[in-house]
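The letters A, B, C, D and E name the chains in turn, as written, and every chain counts its residues from 1.
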Amino acid sequence: ACSNDTTAPTSSVENEGKETNEDAEIVYIGYSGPLSGPAAYYGENTLSGLQLAEEEINKEGFEVNGKKYNIQIVSLDDKYMPNEAAANAKRLVQENKTPIIYNPHSGGIAAMQVFNEQDQFIVAAYSSEPDITQVGNSLTVRIPPTYDGYIEPFTKYAMERFGPKIASLPTATQYGKDWSEALLPYWESKGGEVVYNTAIDFSKETDFFTILTNALKDDPDVLFIGGASEPTAKLAIQARELGFEGGFIVMDQAKLDEMKAISGSYETLEGAIGTMPLIFSDYPGTKPFIDSYQAKFNKDPGSEAGFHYLSLFIFVEAMKAAGSVDDAKLIHEHMQDGIDSLPEDKKVYVVEEIDENGGFNLATQYGVIEDGAVAPVE
Amino acid sequence: MLKLNSVTVNYGKYSAVRQIDIEVSEGEIVVLLGANGAGKTTTFKTISGLLKPTGGTVNFEGAPINGKSPDRIVQAGIVQCAEDRKLFPQMSVQQNLMMGGYIHRSKKTQLKESLKEVYELFPILYDKRDESARLLSGGQQQMLAIGRALMAKPKLMLLDEPSIGLAPLVVEQMFTSIQHINKDGTTILLAEQNANAALSIADKGYVFENGRIVIEGTSEELFSNDEIRKAYIGA
Amino acid sequence: MELLIQQLFNGLTIGSVYALVALGLTLVYGILHIPNFAHGALYMVGGYVTLLMMTNFGAHYLLAILVSMAVVGVLSVLMERFVFYPLRHSPPIQDKVAAIGILLFLEALAQLLWGADYRTMPTPYGQVVNLFGLTLTMQRIIIVITAVTVMIALYAFLKKTFIGATIIAMAQNREGANLVGINTSKVAMLTFFIAGALAAIGASLTSPINLVFPGMGHLVILKAFVIIIIGGMGSVPGAILGGYILGFTESLGATYLSNDYKDIIAFVLLVLILTIKPNGIFAKGGV
Amino acid sequence: MSSIFSKRNMVIALIVLAFVIPFVLQNQYYLHILTLACIWSIAVYGLNLLAGFTGYLSLAHAGFFAIGAYSLGLLTVKAELSFWLAFLVAPIITMIIGTFVGIIALRTKEHFFAIYTLCVGYIIYLIIDKWDSLTGGVRGLIGIPSPANIGPISFDTPLSQYYFVLVVTLLCILMVYRIVHSLTGRTFIAIRNSEELALSLGISTAKNKLLSFVLSTFFAGVAGALYGSFIRFIGPEISYTTIMFDFLTYLIVGGIGTLSGPIVGTFLIVLLSQNLQFLQDYRMLIFGPLLTLLIIFSPRGIVGFVLTKYHQHQRKTSAVLKDARAKEG
Amino acid sequence: MILQTKQLTKQFGGLVAVKNVDFNIEKRKVNAIIGPNGAGKSTFFNLISGVHRPSSGQILYKGEDITHLPANKVAELGLARTFQTTNLFEMATVFDNVVVGHRLRTRSNFFDAIFRTKRLKEEEERCKQKALEVLKFTELSHIGHQLVANISQEEKKRVAFALALATEPEIVFLDEPTAGVNPDETESLAYLIKKMVNQGITVCLIEHKMRMIMDLADRIMVLNYGEKLAEGTPSEINKNEEVIRAYLGGSGASA
């Protein structure tokens, strides 16, 4: 295998056996993310959305300048490490001439941004890290929304329903810290009080009782939690075990439905407010997406999958509008066109526009758990 | 009982023992004499399976035992009391002795019996039974090593320089004990620098030089051999 | 005061887990001088086997743990036979790297077989118990009780039984053990088996309060290594003491100093201990 | 005669190869990988100096690597020092911290030293991770400049960066070569062999051990600084145990205590793991056992294995020569 | 008299390994120490050479108090030693082993190493010359290029001598230099020791091989349980009843 450098790394979705579009050319789309190690599940979820999109796109193929194309995802493992992500990006550009490379962590994205303009590829950045779009990189597309939109409604809801004391226990990633840095001042400005504030490193903590005991000692009304859904759910469960009866503000990385899978019922999570789980969303394209995702992967999709799925369709549309499948700059310039011409049934979320820094702007929905069920907030 | 047939043992390229033949019959005390580094310890290690011979065979009670693992050889009835004693330093005297009875571990009463016998043979060990082995003096450690070997109720006991570093008085006691053990039915193969004492209790002996056996004979023959008197007895 | 007691109990829980994992490691390290970095992977496999026994075969939690102990024990023995036995004459660094290879393999295998996702392990002992103003859960009480029982049992096994004594004997003098008729290969396998079984117990007990996933071994293994060195390699009381020292430092440090810096506090404490006692708390060979 | 001829020319040939390879490969990605491998190998040389030649296995080296990288990063990004000054100062800072750590850590020996330094490495990681206001915490440090132009030479293309890193690597190897082959190196080896003996030969083991420790942190610091300027983004994970285990693996696979081991091991493993990428999920299923097998069948590493064979061969030939001479005589 | 111990004592926990030993080492003589295993002989060496700190007592070298000097300083003063278990770098050549022996007489540091300064080159040359010289003296020149792992036991002992000699010592302390060596080779080592004394070096050695000691030693001290049991010429020691009882045995034991 070592000497056979010309063969492209195959995608994990098998392309052989699909009889359509035999004469179509292939556009390689790069992906670098954690596919082994502690963050592998996160990586797999993000990749799965791309794979589903790839499959659907290739049923018909797409046409640019009268030429037919198929997509092929080339995925490489970077173990969540920036330098590996950079090496992967180099490799993808060099061997597959990928005009777009996805990466789902801020470190990898930042490392790629060092050379993506020079090497002419778009970083499809799945991160809510504000820096990603603020460094002024001209070939970056930030896919998920920033969390600013959540601060106000979450605060309002939680404070009104439960009271003014909050204990903050976000995940110990930059994303988590930024979230709490945005939330807590706002919370205080609305007359609230922060009674405890620390970050939890889910990759190092075996048991959350110690932290929770401290967080709960001043009887907070609300817990601010978040991170990967499953450990976040564990945190909520253990808070209940320790007698906590208030509500939760759940940052957007965790999904209420995924948390319920761990807690067993929504009762435990009563009073939690967070982003609307994809399965409860009702954008035009959500339903078809959920159906085909369930058919393919045999589980409910999370928003990571949804965003990746959606974004690939937008990129394809942008390529069509740009009239090029390989000119990253041109594609980036036509992102707005791509968004505008996205078919209704692919709108898993509704992206309104792409801002001047390359960030998607979209309307988001929130959900709360009331009486043991998810309910949308007005 | 024990028969070494043209046994050769190498350490890497170096032959420490070269084509030696040794025979030990039941009930005998046989002594191996020789200078430092002549190959006695190597021979013992080979018999008890810690080393594999490069050539030749070792037969015990008619069956070959070369190449067998040390624990199998102990089960066959050969127990070695090594030159450097190889005690379990942090275990107590009694624990060391009980470990010596490892192959009879299911026979609790027999073990108790053996323990009593050892304590009778070496009363000092009884006084020190709860002391860590490493805190014993050299002589006591040597007794413990022999006691531990006896616990296995061996048919053949290999004693590698039991008198090493011991005060003459202790050496005397040691040899008396060896005779006792032998009278109780244990065959003994002994390596010694202290040729005088060894030959006085042995039936026959072999003299090693540079890994070869240069002289063999009964104790009387060796005792009266001038060369040996000069080299090892220093008369 | 109540806070202190609650945190002491929390420290006890977490310390129990650390001690259980460290025990298996210290046996293997102290007796065979093998720094088995793959021990964390055994821990992880232990969690999965228990989980799968419960979810796929409907086995009771306790039965599932027994099966897990057996499976991981055997896996551990296989590791000894195929990797560490051939390396028995090499210096420990080589073992370390070989163990890293196994670790990578087992983690990848787990991910392939069972997926990368987080799973929860159900437990029949989920009840919350309130005692004297303390909040305990049955599971945590079980963790502490089991850990203490297992430690006492292991200690008694090593000290009071013949088979156990062979392990100690081998640690103290390998050739000597050979010379009294102990099959050292068998003892090595036995030791690895026990270590594997202990990892399985640790993981099976902890999983209901955390999650089961391929990388779960990382949570404990580094700390376990530090513990066994602090406690003196091969020392059973040392591993237990080290586990609890770390557990209490973490819970009390998080409470009275800083949660963000609690790991630093724990590690600085460990460094201090080693600075003052360069050979660990329990010097070598104790068992 | 022929052996001098071949050894010397091999080295020259390899260096020439290293210089022309970018033109042969014409592949940015491989250039990137080669550059990274060079950087790693410098750190591994540092580790080797201490673990391989002096006999003290430090597991804090990823930490010192990170200190080098962060020093460069902070000096350029926050203190806005000129690149070259920062590049000079970064290894010095690493060495200063290394001196303090070394003085205390070297009180311990063997396993205890290894674990002690493992703890120190972990503490370094935690400090980088937690001290947000200085290091940027988990977000890391972004925007480290690449080497500034020296007159007409600029370092902003991958090719020029490769040459820059290559030259530094060669200088470092030369340094290690000279140290190992000097009286200082002989002193280190004597300490590894037996501290007792070294002491009895009048060698101040404490001083020399510290020297070796500090030198090895120097190489880690240089590698870290290079890494920072090459990837231009650093996060706390570069000081984590994963990186430390990588270093260790490179060293052991290449051959600990040999001069070419670090570079052989690093290049082999880095290229191997990159080339196994196509296996996707199965990568570690293959790589893990491969690593284990490599250790089982060649415990002294690739270079150790080759050296043993070489010595055997030499012994045989000299024996043959002796025989021949004997027959003649 | 070149070196003198006064009431030298060493305690390990409860064990007194060396107890109030007064001993004088005579210049250019062979001073031997004998005694049963565990008598404290090696410990006595370790005290003098600075490996262990004495619990009490004094060590004077040419009238200067060296009791508390670390081992490397003691070596610099001209006291060299060998160890009971041969202690060499197995995977290096004999020559490379010996070169480092002269390190303590050189000054070059690692800057010299990196810049290959004149001083380093000179000193390296000096070390190599010294190595060649002592290899010649110990009759090892022919195996200088061999790996230590591949040479015989007796050759290893000689390498250990060579290493000690490379430090340019005034006294060498030899701990059981002929252990594990056959009688023929023992004799050639004894010859080498004589040769050292003829060169003006003072020798102090520990041995269990009586015939060699009686032949070689000018003076003998007998240690027993850490205490000096007797001291004198070989023939005096040979006749000393106490020594016979505690150590020599012989007629006493068989009687």
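To be clear about the criterion, a contact is a pair of C-beta atoms (placed from the backbone, for glycine too) under 8 Å apart; a residue touches a chain by one contact, two chains touch by 3 or more.
Small disclaimer: the values here were computed from a predicted structure and weren't measured.
*Asks:* Please report the smallest number of touch steps linking chain A to chain B.
*Replies:* Shortest path length, in steps: 2.
*Asks:* Compute the shortest path length in steps from chain B to chain D over the network of touching chains.
*Replies:* 2
*Asks:* Using mean Cα positions as chain centres, tell me which chain lies farthest from chain D.
*Replies:* Max centre-to-centre separation from chain D belongs to B.
*Asks:* Considering only mean CA positions as chain centres, point out the chain farthest from chain E.
*Replies:* Most distant chain from chain E: A.
*Asks:* Can you work out the whole-Å distance between the CA centroids of chain A and chain E?
*Replies:* Distance between chain centres, rounded to whole Å: 73 Å.
*Asks:* Please tell me the distance, in whole Å, between the geometric centres of chain D and chain E computed from their C-alpha atoms.
*Replies:* Chain D and chain E have C-alpha centres separated by 40 Å.
*Asks:* List the centre-to-centre spacing of chain B and chain E in whole Å, with centres computed as mean CA coordinates.
*Replies:* 33
*Asks:* What is the distance in Å between the mean C-alpha positions of chain B and chain C?
*Replies:* 42
*Asks:* Multi-chain contacts in chain B: which residues touch at least two other chains?
*Replies:* Within chain B, no residue touches at least two other chains.
*Asks:* Among the residues of chain A, which ones contact at least 2 other chains?
*Replies:* Answer for chain A, listing residues that touch two or more other chains: 36.
*Asks:* Quick check: what residues of chain D touch more than one other chain, meaning two or more?
*Replies:* As it turns out, chain D has residues touching two or more other chains at 281, 283-284.
*Asks:* Using the touch rule from the top, collect the residues of chain D that touch chain E in their complex.
*Replies:* Result: residues 175, 178-179, 182-187, 189-190, 192-194, 196-205, 211, 215, 311, 315 of chain D touch chain E.
*Asks:* Which residues of chain A touch chain C in the complex?
*Replies:* Per the stated touch rule, the residues are 36-41, 43-44, 198-199, 203-207, 209-211, 213-214, 217, 228, 230-231, 234, 238, 241-243, 262.
*Asks:* Within their complex, state which residues of chain B touch chain C.
*Replies:* For this pair, the touching residues of chain B are 48-50, 69-71, 74-75, 79-80, 82, 85-91, 95, 98-100, 102-103, 105, 148, 151-152.
*Asks:* Could you list, by residue number, the parts of chain D that touch chain C in their complex?
*Replies:* Touch list, chain D to chain C: 51, 57, 104, 107-109, 111-112, 115-116, 118-120, 122-123, 126-127, 130, 241, 245, 248-249, 252-253, 256, 281-285, 287-293, 295-296, 299.
*Asks:* Going by the contact rule set out above, which residues of chain C touch chain B in the complex?
*Replies:* 162, 165-166, 168-169, 172-173, 175-185, 285-287
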